[in-house]
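Listed below are the structures to be examined.
One chain, subunit A, appears in both complexes that follow, with subunit B as partner in the first and subunit C in the second.
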Partner chain A sequence: MPDTTETIVPAAERPWDLSMVGPYLFILPAVTVMLAGLVYPVIQAFYLSLYDWKIGTDFGDAPYVGTRHFIRMLGDENVWESIWVTLRFGFWTISIEMFLGVSLALLLEKPIRGASVFRTIFILPLMVSPVVVGLIWRYLFDARIGWINYYLGQIGIEPRVWLGDASLAFFAIVFTDIWQWTPFIFIIVIAGLQALPSEVLEASKIDGANWWQHILFVKLPMIRSILLIALLMRLIDVFRALEVMYILTGGGPGRATELLSLHIYNRAFDTQQLGYASAISVLLIVIVFLLSFAILKMGNPMSEKADI
Partner chain B sequence: MSSGPVNITAASVAAILIATASLANPYEKYEGTTIVVSWPALSHFSAAETLVEEFTEETGIEVEIDALQYLKLRDRQILEMSKPEGEYDVVSWVVMWKGEYVSKGLLTPLSQFFTSGSLVDPHYDIDDIADAYLQNGGVVGGAKGYLPGVSGALYGIPFGAETSILAYRKDIFEEYGIEAPTTYDELTAAMTKLYDAGVPALTSRGKTGHQVTAGWLLHLAPMGGRIFDDEWNPVVNSPEAVKAAEFMRHVARTGPVGIETFGFGESAAAFLQGDAAMHLDTLKIAAMSRNPSLSKVDGNVGYALHPEGNRCGSETGGFAMGIPANAPNREAAFLFIQYMTNKAGDQRMVELGGDPIRISTLQNNTEGFDEYPVVAAQLPCADPDWRPLIPEWNEINIDVLGQALTQVITTDDPIQPIMDKANEQLREIMEREGYYTWASYRDAR
Partner chain C sequence: MSGVQLVDVTKSFGAVNVIPPLNLSFAEGEFVVIVGPSGCGKSTTLRMIAGLEPVTSGAIQIAGKDVTWARPKERDIAMVFQSYALYPHMDVAGNMSFALRLAGTPKDEVRRRVHAAAEMLELTEYLERRPKDLSGGQRQRVAMGRAIVRDAYCFLFDEPLSNLDAKLRATMRTELAILHRKLDRTMVYVTHDQIEAMTMADRIVIMEKGHVQQVGTPREVYNSPRNLFVAGFIGSPSMNFLDAELRADGPRVTGQGFDLPLPPRLREAVDGHRSRQVIVGLRPEHFAAPRTDGGTEASSLAPVDLGVKVAEYIGSSQFLAADIGGRQISAAIEVGPDSAPLTSGTYLFDTNRIYLFDETTGDAIT
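This part shows the complex of A and B:
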């Protein structure tokens, strides 16, 4: 056999080999969009956090303050309080939404009479703009003219200042979030359930699994990756949540409902501390990154595709 | 027939006169110009829209109005005014922002226009505008930077300016045998009496941030308190300030349900819908109570002076209009401001359901406007120093006092420690912003 190895020139030495450049060219648009849309704003936020800039003044005149904003942030009890509020909010909303969303999906996955009507009704809150959600619930929870107090009054319960009492206001924002976002979990889970292979389900029935075992040991493990993605998206959403709380309570009373994103907004625009708000934004990015990383570590739904 | 040439001559003379008259029209040069006005979506300003239409009809200057919720104006205006060329020709600001706007160089001094004979109407009579309004809304650079003084300069003309008066339900007061209170002690007693009878007493702003602070400040000045002493040392933990905070707690306990969530709109609505017996805030409540689409209490509202603590001191607030430094049509903008605030414009605002800024208008319209004599009597002791309009005020107002006072009205925590803590936080802000450098420089010498 003739030796052909000598005639092969190593790829790196071929100047215009498209097989090497091709893949990079194909991912170039995506990388460009990601750099422009994601990385650039993050770098800008970090850059801004090093300056004490006020809107309405020339950025060139803004004094450089180095890490002063970061040092102030680490000792600022208000920042830590809003992180704590966000974590509590996330814990309650996500756990209840996951439980309700999965339960509703399991109940309505069967082709029972009227299921499609129920499904449509359940996903309606998801279609309403967050600002409108905020306004609807603000008027429902209103202490003086709200429906909730009106109907409680009908059964002899004293009116409550839902949005003006620290614990009731926290309950109100959790309740509103659950109302709006449970349908999201519901849609994702029901789509996952309907895509499950019927052979496995039938096999488990033949093996004698009862209804609980069927759900806990067959269905839920099979949609595990979908549940993780839903959890991850909700978690990121919790840290981004702004509009509903802004309209509903504005973060009050005190800082009882001031989630981290709202805290950043209030610092940036109400009190005009843009540099300081940017420093807190950087902290927000770090927190979301760490949480996402931890969840993906727990079970990366993409790991099975890593060889592609 | 000899009438032909005479008629022709008369027609020519008339034509020349018309041509001369049209040349003498001070608005002619700006005909067809479009100016953009940024102002709040509040009742006074919606009423002014008819006057704006009349302005366009009379002058040929088109006006586009960008109306926003009043606390949202500042972000939008600052963004526009910091561009090389902005969209806005006229901006209407809440008086507490004037210091910040001027310190950032965003406004045009009105002296640039008041020195122009072709722009200023000799009948404008600026001295007729209530001094408290003009000083508080339009003058920047006097004592402490925001108070009247010879070093001040005029940047705006009040429009939608206000002071505070007490509005009360005559029918309720009569039913329970209560006289209109003239002092805070009488007011407190009236509130307790009404509350004990099951009637929500005094409505108030109470939402966290700017609103709860505004509610408290209304009582701080008449009770003898201040935010800072003359050396910029914060004094919000003084006995007077603590007493005002105690009074706020009493207001929240005896007033309509939900004060902790009330902004100005909600607070006024509680009074106008019959859910509170008193409203101690801006005089705007009077025009609102006459508006049938807002009010169920028209005809039952009486007015009295803002009660006194150890001094007479009502608020000075509301809005003033000025011209951004980067406005594209500054002269047309000045003509607009002048038209809206001259004597005829001020009178027209009264007819349209707005609030006047001129003493003569208050004096000429006593019939049908029960509050005008009260306002005229209140204005001499309207206090321009009831809140410090320094550039740092927003942070102090929202982040420090707005938080502390929420704690005051939503909890039973002792008030003195809350105000002590707020005082410390205020000192930190002032230190950070360099207010004590002169004091330390002097001490070091």
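This part shows the complex of A and C:
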């Protein structure tokens, strides 16, 4: 046999072909949109927060203020108050949404007759545009013409000025948020429950778990990461929520329902402090970024049971 | 009556009847293997015993109690699943002790029993690991440990070894047999693998399309299969079936390319039969090379011409893909590891091992 080792000379580099740049070409449009639609505004917000700019004036005339907005923000009671409102709002909405969403998912998970109809009905609120949700509930909560006061009156309860009283208005935005977002938890959890391996659930029945032990010790722990991700996504949403409260209460009465995002909006367009509003936006971005980072850290919720 | 009994059990899914009236009785402490091809109803039968699948009609008794409508946990059973079905969020100790903890067993007792089971299965060093950090074989052991810790009256196994590689499967088979001897509990084991059935069972139940084809010890089902299905299912490689004519002179069976005298065992059975068409069954392992001096009696070996297409070398034997008179058959010939590849020619068949089946019913003629 002839010695062929000498005749084979490996190429110094892999020869160029289109497949090397193909993947980058394919993601280019998405990256462009991301840069223009998300990254640029964020950078712009940060840039703007360093200037004291008012609507209607030329940006070139706006004085550079450096970190003064940020220092002012740290001592601004109104900012802290709206963060506090946001946290309270988040606590009540998310805990009730989680409880209701998980309960409904557990009830409707079984393939009973009509379950799919209920499932569809339950997720309807999720499909309604937030502005419409705000309008619907503004009319429902209306003190004079609202259905809520009407039906409460039917059973002998005095009409209330729902959106004009600080604690009632807070209740109203919490209630509306629960109405709209419980279905979100519901569909995520039901998807998680239906993906659970049936043999494990059967094993727990043979091991003697009763109904609530079955749920508490087997089902819920197995969808734990899904629950955590749903919770974090809702938490991010709470910081982003704007439209519904803007239409429902506008942050009032007083500042009772002024969430952080609404506070930023009011600063920017009511009091026209664009630079200062941008500084608060940067704070909001940092909060949302940290929460998103937590989600990414948790990784794939399915990885834990991928091969069991 | 102790043990496990199924009395006239049926099961339908909607309009589809998967289990016709089924009657089975397993003695206490017996290792029963239910074997059959996919879709034969063996898993459904096991799941009905476990209480995971309600019966459509009939009754199930475990340890003398009617448990037909009892929940799984009220039946004093433990079950090992094909996918192991471990709780991914619990460590090995947690998995094994779950049933005991639910039952409110005192902590010391739980610890003692988990450790005893872990010791038996060589899992002691893994007690704090999660299932995802274990190998397939270890997970399998944990699943068994979970059953052992229960100390249930009856153990149910649903194809527990199918997810393991061949070598591990063989090891686990032996371990299961040892485990059965140690625990002395009634065990019902479902598999599609006839080797598992043959090696582990005290008795084998062979099912096809919901019907029990035969119940018997491994020896019985191998040596005296009741019909074509059992004959073809038990034994590896499977039995060869050839159309043949049963002839009163001899008596003998003849067909294309073969002419075999019947052994004394069958002579009586066909006594008085006229000439007719039958199916003759020849197990691959009962063929022998021409120069052999093996076989039970030299006189029982009859010559057969085989046209060898492929000879597979597997060590001390060779598997032949061959034909007899144009019909494809397989043969396993023991010729020793040093033999040359076998070629076409005259081989021998041990006529003591001939099986005859009725052409229309498929039942064995005995």
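Here is the rule we go by: the second predicted complex is superposed on the first by the 248 of 308 C-alpha atoms of A that agree within 3 Å, B and C clash if a C-alpha of one lies under 4 Å from a C-alpha of the other, contacts with A are read in each partner's own complex, and residues count from 1 in each chain.
Basically, a contact is a pair of C-beta atoms (placed from the backbone, for glycine too) under 8 Å apart; a residue touches a chain by one contact, two chains touch by 3 or more.
Bear in mind the structure is a predicted one, so any value in this text is a computation, not a measurement.
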Should the pairing of subunit B and subunit C on subunit A count as a clash or a fit in the superposition?
-> fit
Which of subunit B and subunit C A:L100 touches, first, second, both or neither = neither
Touch check for A:L231: first (subunit B), second (subunit C), both, or neither?
-> neither
Between subunit B (first) and subunit C (second), which does A:P221 come into contact with in this model arrangement: first, second, both, or neither?
-> second
Greater subunit A contact set [subunit C / subunit B] | B
Looking at the overlay, does A:I295 come into contact with subunit B only (first), subunit C only (second), both, or neither?
-> neither
Look at A:E199 in the shared chain and tell me whether it touches subunit B only, subunit C only, both, or neither; answer first, second, both or neither.
-> second
Examine A:A143 and indicate which partner it touches, taking first as subunit B and second as subunit C; both and neither are also allowed.
-> first
Shortest CA-CA distance in Å separating subunit B from subunit C in the superposed model = 51
Over in the complex, which subunit A residues touch subunit C? Could you list them?
-> 197, 199-200, 202-209, 213, 217-218, 221-222, 224, 304-305, 307-308
Of subunit A, residues touching subunit B in the complex | 54-57, 142-145, 149, 159, 161, 163-166, 249-255, 266-267, 269-273
Subunit A-facing residues of subunit B, complex | 75, 78-79, 81-82, 100-101, 104, 106, 206-209, 256-261, 266, 270, 273, 275, 394-395, 398-399, 403, 406-407, 410
Please name which positions on subunit C make contact with subunit A in the complex.
-> 50-52, 71-73, 77-79, 81-89, 98-99, 102-103, 131-132, 139, 146, 150
